[in-house]
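Next come two complexes, and both contain chain A; in the first it sits with chain B, in the second with chain C.
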Partner chain A sequence: MKDTLIGGSGRAARDTEDTLAAGRTAPANPGPGTDTDATALRRRRRVELTRPWLLLAPALIVLAGLLLWPLVQVGKLSLQDYEVKFGGGVGTFTGFDHYADLLTSGLLWKTVLPNTVFFAVACVGLTIALGTLVALLLNRLGTTWRLICSVAILAAWAMPAVTGTYVWIWLFQPQDGLFSQLAGAAGLIDPETTNWFTERLPFYAIATVNVVHHGFPFVAITVLAGLLTIPKELYEAGMIDGANAWQRFWKITVPTIKPVFLVVTILSTIWDFKVFTQIFVMPGGNGSNPDVYNLGVFSYIEAFAKNDYGAGSAAAVLLTLLLLAITVVYIRTLFRQGEEEL
Partner chain B sequence: MKRRVIAAGIALTLGLTATACGEGSGDEGAATDGKGKTLTVWIMEGTNPDARPFFKEAAAAFKKKTGANIKVEYQQWATAQKKFTTAIEGGADQVPDVAEVGTTWVPQFAETGALVDVTGKVEKSGLSGDLVEGLKDAGTLEGKQYGMPWYAGVRSIVYRKDLFEKHKIKPPTNWKELTAAAKTLKEKEPDKVAFPVAGGAEMFATAFIWGAGGELATEKGGKWKSAINSPKSVEGIEYYTGLATEEKVSPAKVNTWTEKEVGDAWNKGQISMAVGGNWTPKAIVEANPDLKGKLGAIPIPGQDGGMSRSFLGGSYLSTFNTENKDLAWEFVKLLTTGEFAAKWAQQTNYFPGQNSELEKVAAKKDPLVEPFAKQMLEAGATVPKTKAYGEIQASQVVTGMVQSILSGKATVQEAADKAAKGMDAIFAKGE
Partner chain C sequence: MTSLATRGPARRIGLGAAVAALLVFTLFPVYWMVSTAFDPKALTRGSDLLPSGVTLDHFQLVFERGNFGTYLLNSAIVGGATILAAAVLSLFAAIAVARFRFRFRTSVLIMILIVQMVPLEALVIPLFIQMRDYEMLNSLLGLSVVYIALSLPFAIWTLRGFVATVPKEVEEAAYIDGASWPRMFWSVLLPLVAPGLVATSIFAFITAWNEFVFAYTFMKGSDKYTAAVGIYQFFGENSTAWGPVMASSTLVTLPVMIFFVVVHRKLGSGLAAGAVKG
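Our next item is the complex of A and B:
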């Protein structure tokens, strides 16, 4: 629906007859013409100012209710000692005590943070690399095979995290799992004395395989969508100039669909930093093996096992800040690079 | 077209509002009408293989008696504690009227003020003398009883009678014999786990801590202090973990097993002997009919004979502080006494919470029930009765300790010291 003001002037500009008609009726209007113009201008300005906010309001209210409010609550909780009571708990303000405890804890620096960060870096790197390779493959396939392969990888994506994790646990099950038996048969391990879930490195290696398997389809499909927009002429020109496949990828593909890589990297980083289910469901991942804590599990154990909601919230806030910092730095570097190239 | 969309939107909004109103007035109607009341009941899933027919029958009996309806909502053990906590925070509108509450949760829930103290009601009903002492004690804090003991369970040792006979092994009566039996089983039945030292099964380990004369924690003047690193406790932990690390009767895959995985392995016929609850023999035979008649049970042997104490756990039926609490108590009484209590115990293979009913069970002389009854009556143990211990359990202090020993990351003493420190930190926080 168009605003009457804009609609009126547009019509007047198009149609002289209308303008004349308007001119004829104008003197009949009460009050001097200049005054009407000023009011109209003010109204117009007011509408220009308020309309975007009015239109945005429903979305903003929903976002604030669903995202901002819980975030504020978590922030508030992290400054309190909270005790559950029937019909509503009681919080005692403790200032930054929980943060002080958290940041001076050896567990955080020696176990929790390294686990979280190295795991996320490995997962993001491998997810992007594998996803891109699969996208390049899909791009070269004919319609039928592309469809078959897409459906196959989408199945991996559609699998719920818990189900997927159980499949991987099952495959790596000590002694009885497929991989354990293969490794045992190859003489790499003694299946009776090897339990991959109790040590940090194999535990996270399995978790990485799981997360990458679950995450690469999204990257593949998104990058494929990007690849399809690159004009063929660019590659033809590259080939005429004698660029090989490697050079064409790095000099044509990557720069052209850089924004796509930007988006998938940021999203993967956020997802892989806050992985929880896949760790928690694994044997020993639910808290009985502190060596494999990540920030998500650590925060959960503090809040919901020890009923120390304040400490749990502080860990959650730390995770949020960490993600914000990484995302901001990452976006800024990428945009700066983009500007320099332009 | 656009107008139609808007109209549809308005209609939809009005419809939703109307529904909301309808629900609201419905609730109010229920509150004022005595006969039309509905009790919400939370019951744990999995204790009774099929609880639905049982509760259909109980609801019908209750309706006949009081005219009120019963709405049963089934909960998962793994997530129920969080769900309860959330509901308690929400207050009277969100908690159930009656709920099955694990005995170790009672201190935590009672402290929030959500549970009804029913001491007076129990006495008035003449039930107080007939309750199984250990179980009654588990839900009584500072003289106040927060619900009725409903059923109880205890862990003893379940073994393959056929394999014992085949290899001429006698049921062990002390720890030395237990080791010997496990070693023979490992040698003769190499494809099976001789005696799982399950790293994720807290109540497997505690039996040996108590068996050596140790304690998890001790109370002095209202303050709890860990005792898990005392010489006696360490001796028990050393024996139990040694079965895996020294005697090798439990392979590495078991290091991360919980009781669920032990149960799965039983069902697949992969276990020769294991610590197991009184509810397990029936469940195993149901899942694996080949094992019918091939299972035996004995109390967990003591270090030098006798019995090791084993965790006596169970469930309470508790009433929450809602406006229906008197009606709710009637339902609790119906379920925890007489016919329905006996039927529940029989269907679930757990023990009833009343002495009179328990004696009836013991009198049947079932070889797969009697050893457990003996263990329960003579060698049951409870974990420290404080909210803090619930938190210690949830943060897996004991299982974490056992796992770090099994994976060789710590010696028994180091791991026990670390667990003691962890426990004391949580005890200290609660004061």
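Our next item is the complex of A and C:
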């Protein structure tokens, strides 16, 4: 480090003066009340006030322009009939018509919302259960096997959503897919006529396997980190008291690392509500089969396939509000447990 | 933990079976993808666990007829631009929130946490219209700008932790040696947070590399497809050539997998606060 300090850029000499004035003159110079002291102090204050904002400015501008402003826009679009005309789009204010249409449509209540909610609940439940079981397993393994299993889990986590979904489609492909052939050989289905992707339940069952496969590693690794912080004495005391493994898990593990479970549950809920790609690239998921719409896909199809940007935006706003509500719970949880020192 | 476990043979068998089940569940899809990619009779392999042979035909096909080289290059360009911009912007922002105490600091952090929960489906409609107005559709630059924004919240949140672990005393020592703030940043802080910066940047790259919704919506000319969208084109309406699809999927997946396994350890607890999934 010293080397890097010595061999430096030409800017250093010029800047040194600046720092001396800004940071060090005041404490180095014991004489109080002189003019230079006051200027230096004022200057230091100013630097302390402006520097963090200067550092933050580029990132905040990008976030505001590309994440916050579009959110305002999508709210505005949801109150308009937006048409693409020659040379640009024209919006006509329609008030809450799109919301009224959306909230009174049978498709929303009979298909879109049930698909979204039941799918998310199934995914979260299975992800947490499997993740916790795997964490408990990893906790019992020796170093070598724990490393092997961790790498395997990371590989599942790293599988991109798009390619991961393709593999699951291929595995369940009618006729040729591995599971279609196995189920056909076992006499469970007729592989010539069965297509698992055309009906809602099998479609979402496959999507659930896909999302759980992609999502449980995060839970397993986070819960394992929590398990490692639990003092062994607690379990020894539990065993002396005659508690079996099941009781030790529910009476010791769960209460001790409850905050970890809360965080992984809420984060999984947020992620699983907004699953889009894994549904969209599945056969029929891109709009050709309305039975399998979830809220995200529904919004996308309305906007980009039917060119009804207003209606699509209204559905998108609904999804955003849902997620925002869960996010508020998440942030309150973080604060209450004081784990995140902001 | 071993001291607690009564190590009977039954327990050992149970443990072994659980490990085997875990390895099969996590790795089988990866194995099936790679083995199909090399299988000369990919489409008719059915339930044969081993491929019928090894061939590079599918890879050759996706490059020669599928234009996959262009798609991979597009993905690499977009990913590279995202890395550079996200690394610089997030490092500055992370230093601001980790090193300075200022008004609205907590509000800024909470805002960053909230914006990363926003669903992409809600952003894609207004951003599509915005980009069309600026004539940035079908442009790699337009796509990169979106990915920079998408990767920033997680990058800031994670880097914040890395900056905070650099002891303040090291910075103060630099000041005492007469260094200015920019000089201190360049010679002291940057080298110390470099490992974190690399790990975070790789995550920004993965975000851009994997992303589907925006690339699919924005890129309408097939010469501008990214790899993730490019594979989608190999799907037929009624029949799909699974050999080429799995070959291109392998090309997209393996770099990400290797990067991910390598950098994961470095990111540690930052993952708990950030949303890594797309």
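Just so we're on the same page, the second predicted complex is superposed on the first by the 252 of 342 C-alpha atoms of A that agree within 3 Å, B and C clash if a C-alpha of one lies under 4 Å from a C-alpha of the other, contacts with A are read in each partner's own complex, and residues count from 1 in each chain.
Going forward, a contact is a pair of C-beta atoms (placed from the backbone, for glycine too) under 8 Å apart; a residue touches a chain by one contact, two chains touch by 3 or more.
This is a predicted model, so every value here is computed, not measured.
Enquirer: Touching A:T198 in the superposition: chain B (first), chain C (second), both, neither?
Expert: First partner only.
Enquirer: Touching A:P255 in the superposition: chain B (first), chain C (second), both, neither?
Expert: Neither partner.
Enquirer: For A:N289, decide between first (touching chain B), second (touching chain C), both and neither.
Expert: first
Enquirer: Output check: A:L137 vs chain B and chain C. Expected answer is one of first, second, both, neither. What do you get?
Expert: In the superposition, A:L137 contacts chain C only.
Enquirer: Once the shared chain is lined up, is A:P114 touching chain B (first), chain C (second), both, or neither of them?
Expert: A:P114 contacts neither chain B nor chain C.
Enquirer: I'd like to know which partner A:A316 touches here: chain B for first, chain C for second, both or neither.
Expert: A:A316 contacts chain C only, not chain B.
Enquirer: Considering only touches as defined above, state whether A:A305 meets chain B (first), chain C (second), both or neither.
Expert: first
Enquirer: Between chain B and chain C, pick out the one touching the greater number of residues of chain A.
Expert: C
Enquirer: Determine, under the contact definition given at the top, whether A:T277 touches first (chain B), second (chain C), both, or neither.
Expert: second
Enquirer: First (chain B), second (chain C), both or neither: which does A:P231 touch?
Expert: Touch status of A:P231: no partner.
Enquirer: Show me the chain A residues, by the header's touch rule, that chain B contacts in one structure and chain C contacts in the other.
Expert: Shared contact residues on chain A (touching chain B in one complex, chain C in the other): 88-89, 173, 176, 304.
Enquirer: Given the complex with chain C, which residues does chain A contribute to the contact?
Expert: 1, 4-5, 8-9, 11-12, 15-16, 18-20, 23-24, 47-49, 51-53, 55-56, 58-60, 62-63, 65-71, 73-74, 77, 82, 88-89, 134, 137, 139-142, 145, 148-149, 151-164, 166-168, 170-171, 173, 176, 178, 181-182, 185, 213-215, 217-218, 221-222, 225, 232, 235-236, 239, 263-264, 267, 270-271, 273-274, 276-277, 280-281, 295-297, 299-300, 303-304, 309, 312-313, 316-317, 319-320, 323-324, 326-327, 330-331, 334, 340, 342
Enquirer: What does chain B use to touch chain A in their complex?
Expert: 82, 85, 88-92, 95, 108, 112-114, 199-200, 251-253, 255-257, 321, 391, 394-396, 399-400, 403-404, 406-407, 409, 426, 429
Enquirer: For chain C, which residues are in contact with chain A within the complex?
Expert: Where chain C meets chain A, its residues are 1-5, 15, 18-19, 22-23, 25-27, 29-30, 32-33, 36, 43-44, 46-47, 88-90, 92-93, 95-97, 99-100, 102, 105-106, 108-115, 117-130, 132-133, 145-146, 148-150, 152-153, 156, 170, 174-183, 186-188, 191, 206, 209-210, 212-213, 217, 228, 231-232, 240, 242, 245-246, 249, 252-253, 256-257, 259-261, 264, 269, 271-273, 275-278.
Enquirer: Provide the residue numbers of chain A that touch chain B in the complex, in ascending order.
Expert: These residues of chain A touch chain B: 84-89, 173-176, 191-195, 197-199, 283-284, 286-291, 301, 304-308.
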